[in-house]
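Note sheet for the following structure.
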Amino acid sequence: MFELAAVFLLCAVALSYLIVTETDLLKAVAYSGVFGGLILLTLYVLMAPDVILAYVAISVGLSTGLMVFVVSKTTRHEVV
Amino acid sequence: MIETAIYVLFAIYGLSGVLYFIRLIKGPTIVDSILAADCVSLDVALIALLLSIYYKNSFLAVGALFLVLWAFILDVFAAKYLTRGEVGT
Amino acid sequence: MRFLPVTLLAFILYIIITGSATPYDIITGAITAVVAGLLFGRYLVKNPQKALNPARWVAMVAYFIKYITVIELKAHLDVIKRIISGETNPGIIKVPITVKDEYAKFLVANSITNTPGTVTVYMDDEYAYVNWIDVKTRDPDEARREILEEFEKHAKRIFEG
Amino acid sequence: MKKLITLSIILLAVLAGAYYLSSYLAPRAELNALGEFYLRNSYFGEHSAGSPEVVTAILWDYRGLDTYFETAVLFMAIISAVSIFRNIPSVSFHPRGFTNITKTGVKIVGLITFVAAATTAFHGHITPGGGFQGGSMLAVVPLLVIVGFSKKALEKAGLNKERALVIRTIGLLTIALAAFYPLLAGGRFMQNLSIYPKELYGMLVSGSLSLFNMAEFLAVGAGFTIIFLLLSNPEGGSEA
Amino acid sequence: MTFALALIVSSIAAIIIISLYGIAVRPNLVKKIICLGIFSDIINVAVILLGYRAVKNPLPPVLTDYSQKGVEELVRGAVDPLPQALTITAIVIGLAITVLMAYGAIHIQRKYGTVDVRKLVRWEE
Amino acid sequence: MILTVIGLILLAIGAVCDLLGAIGIHRFNTFYLRLHAATVGTVGGKFYPLLGVAFIAAEQGLWPVVGISVLAALLVLVTTPVGSHALAYAASKARIVEMELDEFRGEEDV
């Protein structure tokens, strides 16, 4: 099962590149939510239940809400 | 028997996860992307519960509950932002 | 009195999530349940007699079992056929609803959305706006019979009357 | 299309790097001496922390001083964020909330989130979880209320900025007092067992660990609540 | 197993490089904050990877069987608890720091009407 | 043994539904149709497998996992329709996706 962690992190590499190059910031927030899910599965394989509980609250619950708040108060589209 | 079945299930759920993932990237509008992100996060919860059965360890299961519980939080936030412009009102 | 149903529900949830029932669990669970009842009871429960009536719970369980087997199966097969064949006729139509209670409306809306093929777009006191994958009719009464009459019947039995 | 080409180049580079690295790396099966010490001593043993949950034992007993100062850092971060937002005039607005279905859903999910957060915090010394985790989960409840109803609904229900600050101060004061009390009783700073009891009426409370967890639960939850209350003020109106 | 470990290490390195690129090059402050979040997440994963043990079916560092036999079982199979304990506070403090930076970005938007770094630099001209 | 078989059957049903939903989300060409395909993926593809996980865990004696997976299965039925409804409302109200037959457009809401 340790090999699964490699697969998840390989997907996370692709996703991090997409987050960096995306110009629609709301879409970038959605991507980072999925990125959080992949990191969470990696933590499952690495056997860290405490960190999972902290990370799921921060990443899925609070951080997405915070970033949508910030996007709603600044601009949505990034001009490259 | 269960271990083999879990490997096969990982493959199938992973394949559908990848298909959702492609829609997440392609999605012509923002709502398509958020819908796909929702489906992927539920997939993640299911795979997490399957992992906790594979390792026969009940401590790993609790995280999946919170993933299911808060899967709709991004939908509601983004919908409120798209319709009202402000989130706090 | 209004906080009693919420307290009971919170205690049961606490024991389920913990997964054990030692004295420590029961004491902390009782504390949490009382606090949750005092904090949330005003907003969740309007009528405690209704919430504590076991007949309603039995009706709810019966509806739940019927819903997840018969109704879901029919709707799934229909939508899967459409996914394979690709023929659709979508539209958002206006359907009158008759239930008044908050949770009854929530149950009806969720039942509509969870059935593949129909999604509640908006619901106010008189009408539900439903996105339907195959608009067979635009007549409100006939659409009501097709989409939500059965859900409303059960919702009335569970939450109203 | 250009994006896809760059992406495949990056993935190929990662695979090539892995192929190169695989001759140098070897997975490690043995345990550090320090890690073995913690695993052996956390529940039994001479230097016991009285908790079967080794991570919480390290957090609040063996490395308690680190966590104490990290709590102070968290306090500083939240206080500085609050102080930035100090003199912003609040704009009057009509609270509308979101749709009715969302409101009912938020009520149900809020109750379950509250109970689950309390479970995580109360069982921090027995099963995975603890004050930080439970507090972060608790802060999701006001966030959900803000998006489903509005900021004003939360304030009308009695949770405004001042009360959240009071709850937060209570939590931090409890942590400070529980950390300093062993000095008065003749022990060292943040000493756990032999000052605090390991078992209370037959229930495992692991000395001061459960007390620290509950206080941290309140402090972290109320701290993040203040942040979201300040953030949810609508823009516009008079310029600051 | 060795190749999987190497793949994990190189993926972590790649994500660190990509997120640092995002922090340095992208002009929008909000995008910088998102990239910083990715960076701190992957650093936490790297720290936890240091405590992993390559035994078959490893255990989380929680004692379930309260006896000496249970302790022996734990020492045989459990992963190292110290990196996990250090990571938990790092995650929570990371969110608090992110909040502080987000407040800064909102204030910049209020004062100058933009969060684009290139425009902010030329503001005084 | 019988519980494991029931659980595996439920998981297999879920896998098929999930795959069909993922295919449907690519075959349909507008957002609202994809929403229906995604419902097949969430209810058929997540609710039944979560119940199946509960059956398998009951066979192995992992009672906390049983409680959590049953609770998660029920929560799927409560939370995901709220999310779908919010997205459909936003798509119609903010005019992100246009649709020919739309009786909600132009209606006042609270």
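The first chain written gets the first letter, and so on, giving A, B, C, D, E and F; residue counts start at 1 in each chain.
In this section, a contact is a pair of C-beta atoms (placed from the backbone, for glycine too) under 8 Å apart; a residue touches a chain by one contact, two chains touch by 3 or more.
Just so we're on the same page, UniProt names per chain: A = Membrane bound complex 1 subunit E.
Being a predicted model, the structure only gives us computed values, none of them experimental.
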Checklist line | Shared chain contacts [chain C and chain D, defined touch] | finding: B, F
Notebook entry, point to check: Which chain pair shares more contacting C-beta pairs: C-F, or D-E?
Noted result: D-E
Item checked: Inter-centroid spacing, chain F versus chain A (mean Cα positions, whole Å) -> 21
Note to self: Suppose each chain is reduced to the average of its Cα coordinates; what separation in Å results between chain B and chain F?
What the structure shows: 10
Checklist line | Euclidean distance of C-alpha centroids - chain C vs chain E, Å | finding: 39
Check: Touching two or more other chains, which residues of chain E qualify?
Finding: 1, 3, 5, 7, 11, 14, 18, 52, 54, 59-60, 62, 84-85, 88, 91-92, 95, 99, 102, 106
Margin query: Two-or-more-chain contact residues of chain D, please, as numbers and ranges.
Written below: 10, 14, 27, 53, 55, 96, 98-102, 105, 108-109, 112, 116, 120, 127-130, 132-133, 136-137, 140, 143, 147, 224, 231-232, 235
Checklist line | Contacts with two or more other chains, residues of chain B listed in rising order | finding: 30, 34, 52, 55, 57-60, 62, 65-66, 69-73, 76-80, 86-88
Notebook entry, point to check: Every pair of chains that touch: which are they?
Noted result: A-B, A-D, A-E, B-C, B-D, B-E, B-F, C-D, C-F, D-E, D-F
Checklist line | Touch list for chain B against partner chain E, complex | finding: 55, 57, 59-60
Next item on the list: State the interface residues of chain A toward chain D in the complex, per the touch definition above.
Entry: 2, 10, 13-14, 17-18, 21, 49-50, 52-54, 57-58, 61-62, 65-66, 69, 73
Next item on the list: Spell out the residues on chain B that touch chain D in their complex, using ranges where they run on.
Entry: 59, 62, 65-66, 69-70, 72-73, 76-77, 79-80, 84, 86-89
Notebook entry, point to check: Which of the residues in chain D end up touching chain F in this complex?
Noted result: 96, 98-102, 105, 108-109, 112
Margin query: Please output the residues of chain F touching chain C within their complex, sorted ascending.
Written below: 17, 20-21, 23-24, 27-28, 30, 32-33, 35-37, 39-40, 43-44, 47, 63-64, 67-68, 70-71, 77-78, 80-82, 84-85, 88-89, 92, 99-105, 107, 109-110
